[in-house]
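Consider the two complexes below, in which subunit A is the common component and subunit B and subunit C are the respective partners.
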Partner chain A sequence: MGAVYENAGVFEKLGAYLQFPFVRYALIVGVLIALCSSLLGVTLVLKRFSFIGDGLSHVAFGALAISGILGLTNDMVIVMPVTIISAVLLLSTGKNAKIKGDAAIAMISVGALAIGYLLLNIYSSSTNISGDVCTTLFGSTSILTLTPVEVWMCVILSIAVVVIYILFYNKIFSVTFDESFARATGIKAGAYNLLLAVIIAVIIVLAMNLVGSLLISALVIFPALSAMRVFKSFKSVTICSACLSVFCAASGILISIVCSTPVGSTIVAVDIAAYIIFWLLGTVRRVIR
Partner chain B sequence: MKRILCLIFCAAVITALCGCQQQTASRTADKVSGVGEIMKNAENSADAVETFDVTVQNETIIPDKNYPELDYDADIDLTELNSTMVYSEVLNMMNSPQDYVGKKVKASGSFSVFTNLDSGKLYYSCVIADATACCQQGLEFVLAEERKFPDEFPIQGRQITVAGVFDTYEEDGKILCCLSNAVMSY
Partner chain C sequence: MAQLSCVNLTLGYEGKSILSGINFEVNAGDYLCILGENGSGKSTLMKTLLGLHSPMGGTIKTSDGLNIREIGYLPQQTVVQRDFPASVREIVISGCQGKCGIRPFYNKAEKALAESNMKRLGIENLAKRCYRELSGGQQQRVLLARALCATGKMLLLDEPVSGLDPKVTADMYDLIKKLNNDGITVIMISHDIRAAVEYASHILHIGDFIFFGTKEEYIDSNGFKSLKGAV
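Presenting the complex of A and B:
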């Protein structure tokens, strides 16, 4: 690996940095996670479950704390099942639930975050709790420290999510817009809601490596909302959201590497900039018409 | 009319909150001096915890980010990268040391010393922080030449540049990483 000189141009620096395997891993995983998040983001925004990402990521943080205390080498053993169960519980609460959707998300989210941090402090096995918590919450360098095994796992899970989404696109579309009508036409809405809950939980756990627990909602929401400013049909919004999310994630990772900024925050900042641009485009388009 | 009243009310609240800052500062100052007194009393009391003297100067130097030069032909030159890349690369070295064993590494950071309380052995390391200085990772080094501590070593916190061959060793059943045959400038 050659030395990178401080006075080198941006493209020369990028070229040199891309020689490092962990940078290439970060780009591959970041792009795939952004793609999966954006696909599910459209459904979540339309079903008024935008903050489910936040809630589930906090649950995952709590589960991560427990797995750390138990000294497990593979966090996924606890984190994934707990997050999936929470997703199923949160998304399965019907209209007759005593605690409505947003209140349930808030309760579980804040509770899991507080309990996780409390357990980390009481049963700490790390010499730098603040650093570990900061990295998990804000994803400052997590995406740059992936092992090849983690990369392969992310790739396989992301491909599975995309394939499932494409295969069941029509059913997901029906369940998203009118669940009652979908049931009436014979679609097993409950089963597809369960499938969506599992997929969302998987994506949230993967996305924690990219942007951290606190910023996951941005990855889910912003691309979908940006696309909705310009496009109106479900298909066009989904495709635009996916392309935009991939572009913003790749740009954010590259900018953070070159400018030495936290990865998660940089990606969200690029998402915000993209939303402002699309909002302006949508406004201009409406004015012209 | 309602909007204008709302705006006036908000402006009044903001003005009032700004005025509170000085009072808050003085209350904070009082608290600091109060805490300082409590700390002094704790140190002077007979029940105070005995501090362990490792005969190490512990002065804090504000890093000027101008790391000392070191002429060394390295396979992995971390001194040329930004803090995000350096921290990530060092973390990868710790997570996958087998990929780096035998490679010449050059790095800059803060000098730090740790003592094994059982054996009394001293461990010297170069502490590397990420961009926000929230996370830090130490890279242990073993100098090629014998040096007497603390006379021939910098004080803790001083910026150093260290280079050596990345290696691993086993101690107390754990695999540890270090730069062997290292050279240091400060």
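Presenting the complex of A and C:
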């Protein structure tokens, strides 16, 4: 009896929470960001750029600190361009750079993090610096304080990302699988790398609201890696990764509301659980064959 | 008329020339083997032919209706590809990408071309299989089918048998010879002199000495004799 009552309690609680617009906003934005980041995640993981999300989000953190010091009301004016420029620099250096991809990412990532925190400590007027920093890094509450404008911006950008991804799907596949062949057949691989860089930067900035700087990489890589355990074609991996990511984000947000846990880390925890399940599925399948 | 001719080509990158004075031409239906030691500039030459590098001097001319973008390229495998989740069909049809231009999706003719090229190389039964689960020889056939989707005229093969066992290597050489007999021009980079002398119609040797001519001329050349002496 008690268990049944408790279950009903959970759903009633959820129903009650969903009456609030900010909860609905959080769900919409969370699901859209998860969808976009998982689409790009497949390409990033395969191109060995898993950590670019981490690097860029730290750059975004640094930019956020600077815009806070300058007292700008709209952070995006600084955060978006700085992140996009860093993404372009990181992805365009490629194989021939003097500093290799992973080292360049690590350098920019920790550099931006340190400078951002330093500037915050020197110039910030806030009395609770560590609280602010913690919020930015782990995205604890900002997802629940979204304004309708931010929600619409996120919806429009997400639709743009999905449409661009579908239109360029075949070209993205070519460039990811074999860049030199793609170049030889006349595909402007450089231009597509640039396009990917810009899209990734946009997603990262959007995703900072949801899971915070430190956990963005999880949204990018976990769904893609899970899908790759089980599925064998690029199309099925991409579709599975998108569906899985949406499911994990939605259930993560709902769980965090019911259990009052931090949103970002709950989503990532669900992603990890999904990865373990898919890994088991993949292993079982291989053993049976 | 030559399909592809190179006059006084100088190759290099970052301002350093590594190879100069290269002259050769390839006619429709030729089987040219480019030989040379490791580091002699074979790969750079290939990338230059494909238009991925620009030459430091000299000219590359294509004619006979051959567009530089219509060369079917078989690159060496990269680390990324070894665990890439993609089906054979997806990879083969990506060879048609050059024909698409800015059109986002493949049309019926391109899908049919992919199917017929898979049949041609005997991999149609693998169409739904995952690339990373195939053997080395099967993977090379998949990439060759993709290259055929990009071209009907000329194939550029970069060490197509590296890492394959002797039986599969022989099969691969036979397959390439068969495509050549069907009228496709083949340019192959290799360091396997024995196979080159057996299958190719022309040889371009770069490195210690530069030689271009027919296979028979190459066997008679002093350079080849000195190589044989060394072996």
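Basically, the second predicted complex is superposed on the first by the 281 of 289 C-alpha atoms of A that agree within 3 Å, B and C clash if a C-alpha of one lies under 4 Å from a C-alpha of the other, contacts with A are read in each partner's own complex, and residues count from 1 in each chain.
Assume a contact is a pair of C-beta atoms (placed from the backbone, for glycine too) under 8 Å apart; a residue touches a chain by one contact, two chains touch by 3 or more.
Note that the coordinates shown come from a computational prediction; the quantities given were computed from them, not determined experimentally.
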Subunit B and subunit C placed together on subunit A: clash or fit? fit
To the nearest 10 degrees, subunit B and subunit C lie apart, as seen from the C-alpha centre of subunit A, by 160
- When the two structures are overlaid on chain A, which partner does A:Phe247 contact: first (subunit B), second (subunit C), both, or neither? neither
According to the stated criteria, A:Asn170 is in contact with first (subunit B), second (subunit C), both, or neither; which is it?
second
Given the touch rule stated above, what does A:Phe51 touch, subunit B (first), subunit C (second), both, or neither?
neither
In the superposed arrangement, which partner chain does A:Thr147 touch: subunit B (first), subunit C (second), both, or neither?
first
Practice problem: Considering only touches as defined above, state whether A:Tyr117 meets subunit B (first), subunit C (second), both or neither. | Solution: neither
Contacts for A:Phe22 in the overlay, against subunit B (first) and subunit C (second): which applies, first, second, both or neither? first
Subunit B versus subunit C as contact partner of A:Trp279, first or second or both or neither: neither
Smallest inter-chain Cα gap (subunit B/subunit C, superposed on A) in whole Å equals 28
The subunit B residues in contact with subunit A across the complex are 75-77, 80-85, 87-89, 91-92, 95-96, 130-132, 134-136
Listed in rising order, subunit A residues that touch subunit C in their complex are 46-48, 166-171, 173-174, 176-178, 180-187, 228, 231-235, 237
Within their complex, subunit C touches subunit A through residues 47, 50-52, 69, 71, 73, 75, 78, 80-81, 84-87, 90-91, 94-95, 97-98, 100, 104-106, 128-130, 133, 146-147, 150
Contacts from subunit A onto subunit B in the complex sit at residues 1, 3-6, 17, 20, 22-23, 128, 130-132, 134-135, 140-141, 144-145, 147, 256-263
